[in-house]
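First the structure, in the form of structure tokens, and then the observations on it.
Letters are used for the chains, namely A, B and C, taken in the order the chains are written, and counting of residues starts over at 1 for each.
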Amino acid sequence: MTDVTVSDPAVARQSLPPARTAGMRLPLQWLGVAPFFIFALMFLILPAFYLVVGAFQNAEGEFTFANIIALFQPSIMAAYWISIRISLASALIGALAGLAIAIAVVRGGLPGWVRSTTMTFSGVASNFAGVPLAFAFLATLGRLGLVTIFLRDWFGVNIYTLGFNILSFWGLTLTYLFFQIPLMVVIITPAIDGLKKEWGEAAATLGATQFQYWRMVAIPVLWPSFLGTVILLFANSFGAIATAYALTGSSLNIVPILLYAQIRGDVLQDPHLGYALAFGMIFVTGLANVFYIWFRARSERWLR
Amino acid sequence: MSETFLSIQGVRKSFGATTVVKDFNLDVARGEFISFLGPSGCGKTTMLRMVAGFEEPSAGRIMIGGKDVTNLKPNQRNIGMVFQAYALFPNLTVAQNIAFGLKVAGVSKAESDERVREMLGIIKLEEFGARYPYQLSGGQQQRVALARALAPRPKLLLLDEPLSALDAKVRVSLREEIRLIQKKLDITTIFVTHDQEEALSMSDRIVVMYDGRAEQVGAPFEIYNRPATKFVANFVGTLNVLDGTVKDPSKAIVHVDGREIRLKDGALNGAKAGDALSLALRPEAIVLGRQEGRDSSLIGEIADVSFLGSVIRVKVGLGRNAVSLDTFNNPASPPPVVGQKTEISFSSGDLLVLH
Amino acid sequence: MKRSRIWSWVIFALGAAYFFIPLIATFEFSMRMRRGEYSFDAYRVVFGDPRFQQTFLYSTVIAVFTILIGVLLVVPTAYWIRLRMPRIRPVVEFITLLPLIIPAIVIVFGYIRMYGSSSPLPFLATNRGADVLLMIGYATLALPYMYRAVDTGLRTIDVRTLTEAAQIHGAGWTTIISRIILPNVLIAVLSGAFLTFAIVIGEFTMASLLNRPAFGPYLQNIGANRAYEPAALAVIAFAITWGCMSVIQVLSRFAPKSANNPN
């Protein structure tokens, strides 16, 4: 007769009883998660690992740094540099805009429907990347886009003659903001929710103005989450290709597009250089995510 | 008699159609410790928040130190406030938290450091200055919150159920500390709680609130022994209610569970023979068994015995009524047995007629 | 307090403008196909295009299989972790976050190198094999979202007690998972499924590099060659994404609230 009082912690801590396999309990547990690990290994870890190893090999299979060094040639460095700049720009602007919107919606005293609508929309918009997004912005700010024509016909301002072009660095950044800002809103909202109302009230009783409260308490508390999310946005943008490809073709030479061209047709004349490119991407996004996790851990420690 | 420091005059607060605080009037002397006591929803926290400035009264005014503050923002009222959820700033150390009000006021670093040291000494956490809130226990956090509120030397201290989130033992020790600190600094204080033991043990005066109104204002002794209304009698302390009938109003005789009890002269003025009546009796006024000097007694049967350690709570069934009374633990004799026939005695003067 | 409310409205309005103007512009542009007047011509062309139908159908089928793979992979794993092996949860969670770190283009590059025609597992030697690899790739991309959805769903139901109750009644593992656990996390699973669908439908990189006739490459191709149809497609794509998200929102309202205190 088994005692099924699960409330007793000693009982709950025991493994469940398939008694016939009592002796083989250890291996059997792993059987349950084996498919997952095999899948992850075969289709996530090993492919990435394969590329990383290939980055350090030459055509004969010997270990070499030559590919990594070759990354530092001007055209590839330019590609990395432009990728980094676009990612930084869209991450910083996206983060600040997203923060402003999140604060306005969560703490700005607006009616309840504003918040739920914004959250839903942000969930949608953060997934609306890729090719359709490029189309949307072409239809908005392209040469024949609605806004372009509107500004020209109603205000006499032709943004294209003024030097703007959707198929450019700033055009792409502006387009990226469409999924970066909502991503920021979605991620930072829980952190803003975590700003307890009592903190603001306590600060007020201690004589602080709203500005002083934000400067001395709220912003420092949000800072790790904010910085962490900037980094996440950076990594998100760095790896994105579909939107850029659809918008600028290969005219804007960001790293993913370079890699794409390399995979398609070995434009770099050296397959191992392709591996090195991929490794470089993993390195950048991996580093960014390490920082993100570190910042998140720090902010969670405070708010325990 | 100390002069009035805080004056709440005719304050009313409505949220839409509901009136949460109804015509509240109170004068608090300088250095006095006042408790707002009542169940959830009675309006005590709303009233406190109006004194703090977080809510605007729908009518009436609030005067602090002779100045009308009704329209002032909270950061202009020179008050200190302690919240139920501690509300310490998580990104600042204990010392920085305490210094917050001073920093906002532009106090020099030297003076601020000195004040922080003083406050840490008062709350007995001298070595904790460099710690962060998440490293402290609940009780420690609340003490820091108190120090933070008091550091800028406010004129008024407001506490919103500060002990409700703490363990029982911590609650008891902390409330003694709070009272000591308050007396030492001689600061006018308002303390909101739903725990009558806290209110009774800490306050100079208690305001018992119910449904937005002050039911009774008075010293703990007054409130407990001479409750003005049925609510106060029921809410503060345990109360035994005896139902009986009026026998002879002129001689103040009532009939309870087969026995006659004679009340004080005039206690039944206005009642008619045969009226139903409720009498209240505190548990400590009842003794198990017959006793000299107690002029009334009732017979009954032990219904329940709870051994609480030093106190034994006994429930006695008396026909229509039942009473709860306490006796002390006596190592030499065992507690009474359920089912045992017994008699209870009390003084008729201890009976309260409930309206 | 009042002044900050004005600022909030201003910021909200600016944000709304930034997000709505492109959508409106896209819609407006898509209506401009017929010279001089607004019409749904672009949509008619798009829906009538056999390549639209083929690629959309292809992507939908792939999405369904991807969802199946995802569910079969994630639900038993998440369940098992919760029940028996809570200690390796951080490891598993880290793995599910890897697809967010390793960009899709890198993943598919790895596939091409590892599973090409000359490898021991030649997925890419046949079209069917490439289809399977694409599904696997998508399941990998959707892994973070699917795992998080299912894990959250499992968190609100007391997995341990349910399992023990089932075992007392003599249920075996498959019965437990399919008849006890799955119905309770169905809402979470469906949320993950719709998110997967949204991801798969618009995906370009993997489909393009694996040379599969999916919706993403079709969109890209149309964009390079046509003027008004891309706008119509963008509107359609957005509507689909919005639809998926709305379903998820509605579903979350039917999710089981925890009956007892969750760990």
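The working rule: a residue touches a chain if its C-beta (ideal position, glycine included) is under 8 Å from a C-beta of that chain, and two chains touch if they have at least 3 such contacts.
All values reported here derive from a predicted model rather than from experimental measurement.
Trainee: Counting only C-beta pairs in contact, which chains form the busiest pair?
Mentor: A-C
Trainee: From the centre of chain A, which other chain's Cα mean sits the farthest off?
Mentor: The most remote chain is B.
Trainee: With centres defined as the mean C-alpha position, give me the chain A-chain C separation in Å.
Mentor: 16
Trainee: Suppose each chain is reduced to the average of its Cα coordinates; what separation in Å results between chain B and chain C?
Mentor: Result: the chain centres lie 57 Å from each other.
Trainee: Roughly how many whole angstrom separate the Cα centroids of chain A and chain B?
Mentor: That pair's centroid distance is 54 Å.
Trainee: Considering chain B alone, which of its residues make contact with at least two other chains?
Mentor: Where chain B is concerned, no single residue meets two or more other chains.
Trainee: Of all residues in chain B, which touch chain A in the complex?
Mentor: Residue list for chain B touching chain A: 52-54, 73-75, 77-81, 83, 85, 87, 89-92, 100-101, 103-105, 132, 134, 145, 148-149, 152, 154, 158.
Trainee: Which bits of chain A are touching chain C when the two form their complex?
Mentor: 2, 4, 6, 12, 15-17, 29, 32-33, 35-37, 39-40, 43-48, 50-51, 54, 97, 100-101, 103-105, 108-110, 114, 118, 120-121, 123-125, 127-140, 144-147, 177-178, 181-182, 210, 235-236, 238-242, 245-246, 249, 256, 259-260, 263-264, 274-275, 278, 281-282, 285-286, 289
Trainee: Touching chain A in the complex: which residues of chain C?
Mentor: Listed in rising order, the residues are 1, 4-5, 7-9, 11-12, 15, 18-19, 21-26, 28-30, 72-74, 76-77, 80-81, 83-85, 88, 92, 95, 97-114, 136-137, 139-140, 143, 160-161, 163-164, 167-168, 195, 198-199, 202-205, 208-209, 216, 219-220, 223-224, 230-231, 233-234, 237-238, 241-242, 245-246, 248-249.
Trainee: What does chain A use to touch chain B in their complex?
Mentor: Chain A residues touching chain B: 196, 198-199, 201-209, 212, 216-217, 220-221, 301-304.
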